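See below for the structure under consideration.
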Amino acid sequence: MGQLSTPSDAGLIDINRQGSARRVRLSLKTRESLMAYIFLAPFLFFFFVFVLRSVVFGGWISLHRWPILAPDKGYVAFNNYVSLMNDSLWWTALQNTVVFAALTVAGTTVLSLLAALALNRPLPGQSFFRILFYMPSLLSVSVVAIAWSWLLNTDFGIINYGLQLLGLPKVNWTGDANLVLITLSLVTIWWGFGFPTLVFLAGLRGIPEPLYEAAKIDGAGGWALFWYITLPLLRPTLLFVTVTGFISHFQVFGQPYLMTNQGGPGRASFTVIMYIFQTAWRFFNLGYASAMALTLAAILMILTLIQFRFGGRRVEY
Amino acid sequence: MKKQVLFLSLLALLAVFVVALPIAAQDPTPTPMPVPSATPALGSFGQGGTQISFVNGLSGSDGVTLNGMIEQFVQENPDISVQTETIVWDTMYQRLQASLVAGDAPDVVVMHVWALPQYASIGGLLPLNDWIGTGEGQIDPANFTPLALENASFGGTIYGLPLDFHGFGTYVNNDLFEAAGLDPSQPPQTYEEYVEMATALTLDANGNNPDDPNFDPTNVVQWGTTTSWMRVVFLSALAQNGGRNISDDGTTVQIDTEAGRAALQAMYDLIYTHRVAPPPAGFDNWQSFAAGRIGIMPEGSWFRNFATIDNPQLNWTPWPMVPLGEEPAVWMSSHLFAVPVTTTGAQLEAVRRFVTWLSDNNIAWADSGQIPARLDAQAALAPETYPSNIQFAEAFNAHGVYDYPALGWPEMVARLDAELDAVLNGQKSVEQGLADAQQQMQEILARTG
Amino acid sequence: MATIPTTGRSMAAGRGGQILGNVIFFAILLIVALLIIFPIVMMALQSFQTNQTLYRWPPTVITTEPTLVNWQNLLTRDDLRLPRWIFNSVFVATTQTVVVLFVASLAAYAFARLNFPLKTPLFFLLLLTVMIPQQVLLIPNYLTLRDVGLLGTYGSLIWPGVANVFAVFLLRQFFQSIPRDLEEAAILDGASRFGVYWRIVLPLSVSALVALGIFVFLANWNDLFWPLIVTTDLDMRTLPVGLSILNGTYGPQERGLVLAGALFSTIPVLIVYTIFQRWILKGVSITGGLGGR
């Protein structure tokens, strides 16, 4: 308290000697609180302006007819949500998104687990593979889309040429309504499987070796080891990979925006985020778009909770 | 260390193998494909002190024509310089809206008739009524058809100056016609005649026509016709069957009607009953026509340059339209010059001179394949250079059908496109597709007014 | 007792299986590696071709007449702002990363080490919002930025992402794992709270900060949606948006140019990655590990 030099403060201490100790303790606590809020201030500022306020504001917008530039912002209560429930395009977009996310998460999980198992073995070139596998994640979605659209081009693409060499017919990768989500999913798996691979690898390295030794002594083979030790012990990692994967792939935008002419053919690859984008930034209708965004948020939360419920049981070591 | 070397060489070997495989099997005489030319995304014209920014979506060969006109303009108006930004339409509209919101909109833009209500209704555009009139420095309204000016207006106020008419015509391949023993100078007058011609022009790998019992629909090498850009062919067919997209009072969508069903059924039958047109998914109309694999192709006026400049080997004839109904009718639209409200002062004055100059020199725009909006320019077109422009202009003036200028039309079109796509790719029945489109579009119409 | 011979046999079989397994897994690694290299190699090879050879069937992989024209155009043509887009992307992503790390680590330190009123409710509030997807915030944030006149500026690309709740959680968790002794000793020596945070806690957390930084950087670097809607000027576009415009405008007409542009734009990332790959991979494992626990 060496800085207390103003007469009034000094006087205060002099006059009330008995309370002095308590006062100092109090001000220490206050100072810590003050310090904490100074530390928090920048974050809280941004948090308030761009998150908290925006959530509330978004909810408010969703209850209105809110054309972006026009002055009339009519209050419509829950009409936007009611319209949404009756909007066949919303359901189409939702269905596409769920299919895409499920395919991508499943494919990514299998591939990255395989890759991690392989990388966890004493094989040559490990670090090289590790570096390489994470590399596609560094590419921006535009690069990925440009590269793959051309490879997958029906008439001039090298992949169809390869198929032809094998005696197979040309495939209309992004033009066939039944195939387009699978195509986008494959490209996305290629793009993003590196991160889960590294996460799985970290998980695998965390499994205590003695567990395997013990099981081997009991006569367990490779499959049994994987099935009864590796997989159960990886469950938290698995949960992390699938939950985060699902959330991020549910918000897919760039791949259909760039690769399938904005969600085509027809609506076969039209996703929820594309619909929000179109509604807000092509058709000016912010109210409806906000209702979609909030509904999307609710869906994601429910899905996450379900995944935790079924996958999150504590693992006994 | 040895291991590493071994591994790396193995990897290199595999990589070489993967790359070498296709090369080894390379066809010695590959067939190159023509591609349409592009316009640079940014352009800077002139050194003048008054700088105007001009944004448009004419990113194909039409933008090259436009840039040539701008070059001429700045030579004649050395005090003005023009900065152009030419990006695909979709990005252009999104950019326009975002910049209106942000308050840094370009000084002048080109937009479509269908987009005008959206921007005019939110007060984003400057009224241009006093640019048009019979006074000094004004553009004489007699230079435009009443329909053209009406479609450049919103709520009775003129917000756009028509640059052109563009719309759907038809291009036929003379060589294929001659090979099939047909005369390309005689367009069909009825749907039946159209189908008959298209049947004669459709060939499978063994040279059989669709009416031959041995016809192999999975191995067609030459198509009689195509459903092309489905929406505008459908809207043309709708009008040919006596229908219109929205009722005249603007309250009812009229897609799921007798006329609508007849129109879509006619298109559907081309693909699945008469087997003279390909299922549209993944079918590249332009490349196929250029490669001589389509006999009769309905396509936009903007196809001209691809057919003449990029593919000089093509021997083609323009038709005004193909019959998909009883009455002659063809979908059309216009590109409009529009001025965002944020343009003021010296910029606004320069923009006015710029737009007026482009209008007065409208005839140069015919090089883009489109039809100049000015009637005096249309009258001055040379028949030997601009056969398609002249043919299409006649059709547009006599039988052209604009989209109904509803505020929510762009949003409705997105729904219509998807349903047409589903129907014509065999995922939905004609009735179902139209009913679904009708319901969604009506909802949007009710919402947007 | 009978287990001994069984074990012997299974171990022999196990060794055979081990080798077979190694071969299979190595094959998997090789195939995956080739699949990753293939599109990038193709992009490189075809960027030296003109449309004349690209739009051909069968496709040309290695042309007998390679051309530099795409690369020349890419670097010299006035309407292609690739260097500018790369600069924008690098600048925006780097700035945001630095700001996020600073702001989030300050907040995380408060949550990890300091006591203050409303600490628990505040933390709970953050916890609630971490589940909210970005999409909900886009429209309100867009309007906010319009109201303060920031649309189309670097600020509009940087500030909305600064409130990164995930980063606060991660760093708080990490800070809590650091022993308190050092900090307490420093405080006894008269160091300020900020001094402790700056001189002791941050240096001890470099690995976590790097890990987090990579995620923040990559998320920003790869984002297409937000910069697509907040920027309008061609000079303010970020790389993903610029490339998407390049692809949309020149896609069919100048395929080689677009491929060259895509490849060129990845070169800076690949260089940085090659230099710092050890750090990056370690960081990824740490974050993934923290999340996976």
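Each chain carries a letter (A, B and C) given by its place in the written order, and its residues are counted from 1.
Assume a residue touches a chain if its C-beta (ideal position, glycine included) is under 8 Å from a C-beta of that chain, and two chains touch if they have at least 3 such contacts.
Worth saying up front: this structure is predicted, and the values here are computed from it rather than measured.
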Two chains sharing the most contacts, counting C-beta pairs only: A-C
Furthest chain, CA centroid comparison against chain A: B
Inter-chain centre distance, chain B versus chain C - centres from mean C-alpha coordinates, in Å: 40
Distance between the centres, which are taken as Cα means, of chain C and chain A, whole angstrom: 13
Where chain C touches two or more other chains, by residue: 33, 37, 55-59, 61, 229, 244, 255
Where chain A touches two or more other chains at once, by residue number: 124-125, 155-156, 158, 161, 281
Touching two or more other chains - residue numbers and ranges from chain B: 11, 22, 25, 33, 90, 94, 98, 101
Of chain C, residues touching chain A in the complex: 3, 6-7, 10-11, 13-14, 17-18, 21-22, 25-26, 28-29, 32-33, 35-37, 39-40, 42-43, 46, 54-59, 61, 89, 102-104, 106-107, 109-110, 114-117, 119, 122, 125-126, 129, 131-141, 143-144, 159-160, 162-163, 165, 168, 193, 197, 218, 221-222, 224-225, 229, 239-241, 243-244, 247, 255, 258-259, 261-263, 265-266, 269-270, 273-274, 277, 280-281, 284-285, 288-289, 291-293
Residue ranges of chain C in contact with chain B within the complex: 30, 33-34, 37-38, 41, 45, 51-53, 55-62, 77-81, 142, 146, 149, 151-152, 228-234, 244-246, 248-250, 252-255
Residue ranges of chain A touching chain B (in the complex, touch as defined): 65, 67-70, 83, 86-89, 124-125, 128, 154-156, 158, 161-162, 165, 172, 174-177, 262, 264-267, 270, 278, 281-285
Chain C-touching residues of chain B, taken from the complex the two chains share: 10-11, 14-15, 18-19, 22-23, 25-27, 30-44, 59, 85-88, 90-91, 94-95, 98-99, 101-104
Chain B to chain A touching residues, read off their complex: 3-4, 6-8, 11, 21-22, 25, 33, 90, 93-94, 97-98, 100-101, 118, 121-124, 281-282, 284, 287, 408, 410-411, 414-415, 417-419, 421-422, 425, 427, 436, 439-440, 443, 447
